[in-house]
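Some structures are shown below for you to check.
Two complexes follow with chain A in common, the first pairing it with chain B and the second with chain C.
Moving on, here comes the complex of A and B:
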């Protein structure tokens, strides 16, 4: 099994490396909105002193951490996989004795991540000197606690995206469904603003949804803002959602593949 | 005259093309309304916590959202589909046929594809601008309104010209098929007044990828923030950027040698 993953890694790394210019453009594209939110909220905090207890530095550290966390937990599976179902090229992968989504697509995403993080590092350092965040409250224990949370968040996000991607077995409008899903992420994950500044109703719903596990929970862990009860609650939610997303993905994939009749075959 | 006739022919073809995908159009409009809802929600969250950002109030931000959506529509309805076609034509050499047509090639390349249902977005944008102005309660003088309209048009021309330059670069660097991503990336900065951004970001979105010229500047004119010399300067920038872009396009065409030869 290890050898299989190693091979997939070599192939996918080489493939992603070939598109490094595209990748840099993607990175730039993805960077802009967190930086805009950062600028908007710090400008408000600076004029008012604080926003509901959040100082300018709280916002700067939040979004600077978000850049890293989001890069680790997000995925691009819809863009690299849905078209394979639509144009039928998936058939070549289906006859292999390994799961196309859980080997090739998964490793492809991780290779993509590796490269974007390489690209992000120098940009992050430049932003660090431009915004001068004060990270003195960050403790090593917080970072160590956040690492398993981010890995868990990545897998929950990957499985849910993979499940949506697999809807391409039924519908051609899978990209529209994914757009809707992305709006849910914006609303409930803490990407736009720390969740505590969202309307009460959204906060209450967000607590039970998986999206905050991808962004808000790891960020708060790193910044050391959570009590041990909250940390425990976050991890419990994480494990529950991991199980649920495995079940959802497995069900959709299983039924989808049965429906699949390759184009042109 | 020929240009107008051609434009109406393009419109007709594109309407027919989108009528073939009616259900998609409905889905797209629903998603569009969803994003509008999100944009309004995010503004209301911001203004729950403050009265002004960068010196601008809620109504002004709604109006700015309207202007932003005009530029965004330009991007989605015109720039993306035509760029896709253009990049393809450079790769496979079908650009040859475009150049053989007895009509201005720049016009042909930039207007042949129009994502027609997006016209509805223009209506929405206009409504947002009117509602926004209404919320501010400011009385708008006809002169301010006129400069607003002129600067909106000239801002759109600046974006259009930048687009021409970006795609013309493909004549020199054939592999540059990410040509408009940078424009799209920085476009989002147009949602908020540039006065909230740190200086370095303000410089980028005003001078390098001048999104602000098409979003913040027209609204400043509407607020009466701009004096006459500023207004004339921005109008001159609009004209100059168009002339510059046509020059770059012509120079680029000379570099074009076809894909197969």
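Moving on, here comes the complex of A and C:
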């Protein structure tokens, strides 16, 4: 099994490497909004002293951490897979004795991340010197706790996106469904703004949704802002959502494949 | 395991195709209520294929050949009916089944487009869990037959169609499948390329005893490889038997193509049935009975100012269509 992943890695890494210029453009595009949020909130906090207890440094450290966490937990599976279902190119992969989504697509996403993180590193360092965040609250224990949380978050996000992608077996409008899903992520994950600054109702709902596990929970772990009870709750929610997303993906995939019509291939 | 490698019972596939008229009104209506049309791609097809057979699967475009191959390889779920290949129900997509068969479809790739074929081959080695020794041995044999080595290091997108086809076929055979479904394995290849693939398939069949079911538009592929052919037309099985018997049934016809000095000035109908042929607009084609070829040809040469004359077998698609539309 290890060898399979290793060979998939070689192929996907080589493929992604071919498109490194493309990937850099994607990275720059993706960087724009967190950097805008960072700049806007920081200047607001600077003029008012703080926003609901959030100082300028709180915002800077939040978004600087978000840049890394989001890069680790996000995925691009809808863009690299849905078209294969729609135009029938999935045929070749479907009759290989390995799961197309849980091997090739998974490794492809990780290879993509490997490259974008390489691209992000120098940018992050430049931003670091521009905004001079004070990370003195970050402890090693927080980072160690965040690593399994990010891995868990990545798998939850990947499986949910993969489940939506697999809806392409039924509908050609799967991209708009994913847009809607992405809007939920923006709203409930803490990507726009730290969740504590959101209305109480949204915070309450967000607690039980998977989206904050992708962004907000790991960031707060790294920044050392959670109590033991909150950490435990986050991990319990994570395990529950991991199981739920496995079940959702498995069900949709299993039923979707039966509908596959291998058009034009 | 049943004695035959492939058995198909009442296999049927009906596609539901959304349908609407052109125009804005129809687009709005179809948004609320979509109409579907049933397309019966395969209807109640039955056949059995024994181990080691090479069977040609023929029919005009849209006859249901590819749909049947897709069902037998497990890509499609049938609407009704049963199929067993090597004792498996294909569309259950059992790992052991997927390891034992291959589907090579014309242009569609097992090979990653942007990287050299060698990398895709190594990936397949891992996917099919082939031990190094076995892999090297198989690769050596494939290389002997198909001369792959010079192609291995170039990115697949830089290969010519023929080169890519060779790599595709090789990639599909690395795991030494017991059953091969080949959809147009020689499409787009030049004559030498076609001959080489044919020779290779015959050799592979002889060496491994693999069962092969192939579709092709080239009569030469079929006559060279298959002793038995299955014909389907409009989703229904029309013929299943020896190729010799079919030849006898349809051999009576040959195509005579003539290029005349004065275009369209002569009536060819008295020599034979005129046939449309888009490939060469300057030529006029007539279809005649095989036993009359000599007589009619000499008649044509004597009577008409002929620049060029050819005598060919009618294209297989036409033959099949003719044989069953009559």
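FYI, the second predicted complex is superposed on the first by the 264 of 265 C-alpha atoms of A that agree within 3 Å, B and C clash if a C-alpha of one lies under 4 Å from a C-alpha of the other, contacts with A are read in each partner's own complex, and residues count from 1 in each chain.
Keep this in mind: contacts are C-beta pairs under 8 Å (C-beta built on N, C-alpha and C of every residue); 3 or more make two chains touch, one makes a residue touch a chain.
Predicted, not measured: the structure shown is a model, and the values here were computed from it.
Trainee: Given the superposition on chain A, are chain B and chain C in a clash or a fit?
Mentor: fit
Trainee: First (chain B), second (chain C), both or neither: which does A:47 touch?
Mentor: A:47 sits against chain B, while chain C stays out of touch.
Trainee: With both complexes superposed on chain A, which partner does A:173 reach: first (chain B), second (chain C), both or neither?
Mentor: In the superposed model, A:173 contacts chain B only, not chain C.
Trainee: Which partner does A:94 contact after superposing on A: first (chain B), second (chain C), both, neither?
Mentor: In the superposition, A:94 contacts chain C only.
Trainee: Taking the superposition as given, does A:261 touch the first partner, chain B, the second, chain C, both, or neither?
Mentor: In the superposed model, A:261 contacts chain C only, not chain B.
Trainee: Applying the document's definition of touch, where does A:11 land relative to chain B and chain C: first, second, both, or neither?
Mentor: Only chain C is touched by A:11; chain B is not.
Trainee: In the superposed arrangement, does A:130 touch chain B (first), chain C (second), both or neither?
Mentor: In the superposition, A:130 contacts chain B only.
Trainee: Give one of first, second, both or neither to describe whether A:3 is in contact with chain B, with chain C, with both, or with none.
Mentor: After superposing on A, A:3 lies in contact with chain C but is clear of chain B.
Trainee: Nearest CA pair across chain B and chain C in the overlay: distance in Å?
Mentor: Distance of closest C-alpha approach: 5 Å.
Trainee: Go through chain A and flag every residue that touches chain B in one model and chain C in the other.
Mentor: none
Trainee: Write out the stretch or stretches of chain A touching chain B in their complex.
Mentor: Within the complex, chain A contacts chain B at residues 21-22, 25-26, 28-29, 31-33, 35-36, 39-40, 43-44, 47-48, 51-52, 130-131, 173, 176, 179-180, 183, 186-187, 192-193, 197-199.
Trainee: In the complex of these two chains, what residues of chain C are touching chain A?
Mentor: Those in contact with chain A are residues 15, 70, 73-77, 91, 93, 95-96, 98-99, 101, 103, 105, 108-110, 112, 114-115, 119-120, 122-123, 125-128.
Trainee: Please output the residues of chain B touching chain A within their complex, sorted ascending.
Mentor: 23-24, 27-28, 31, 34-35, 38, 41-42, 45-46, 48-50, 52-54, 175, 178, 181-182, 184-186, 188-189, 191-192, 196-198, 200-201
Trainee: Looking at the complex, which residues from chain A come into contact with chain C?
Mentor: 3-4, 6-8, 10-11, 14-15, 18-19, 88-89, 91-92, 94-98, 257-262, 265
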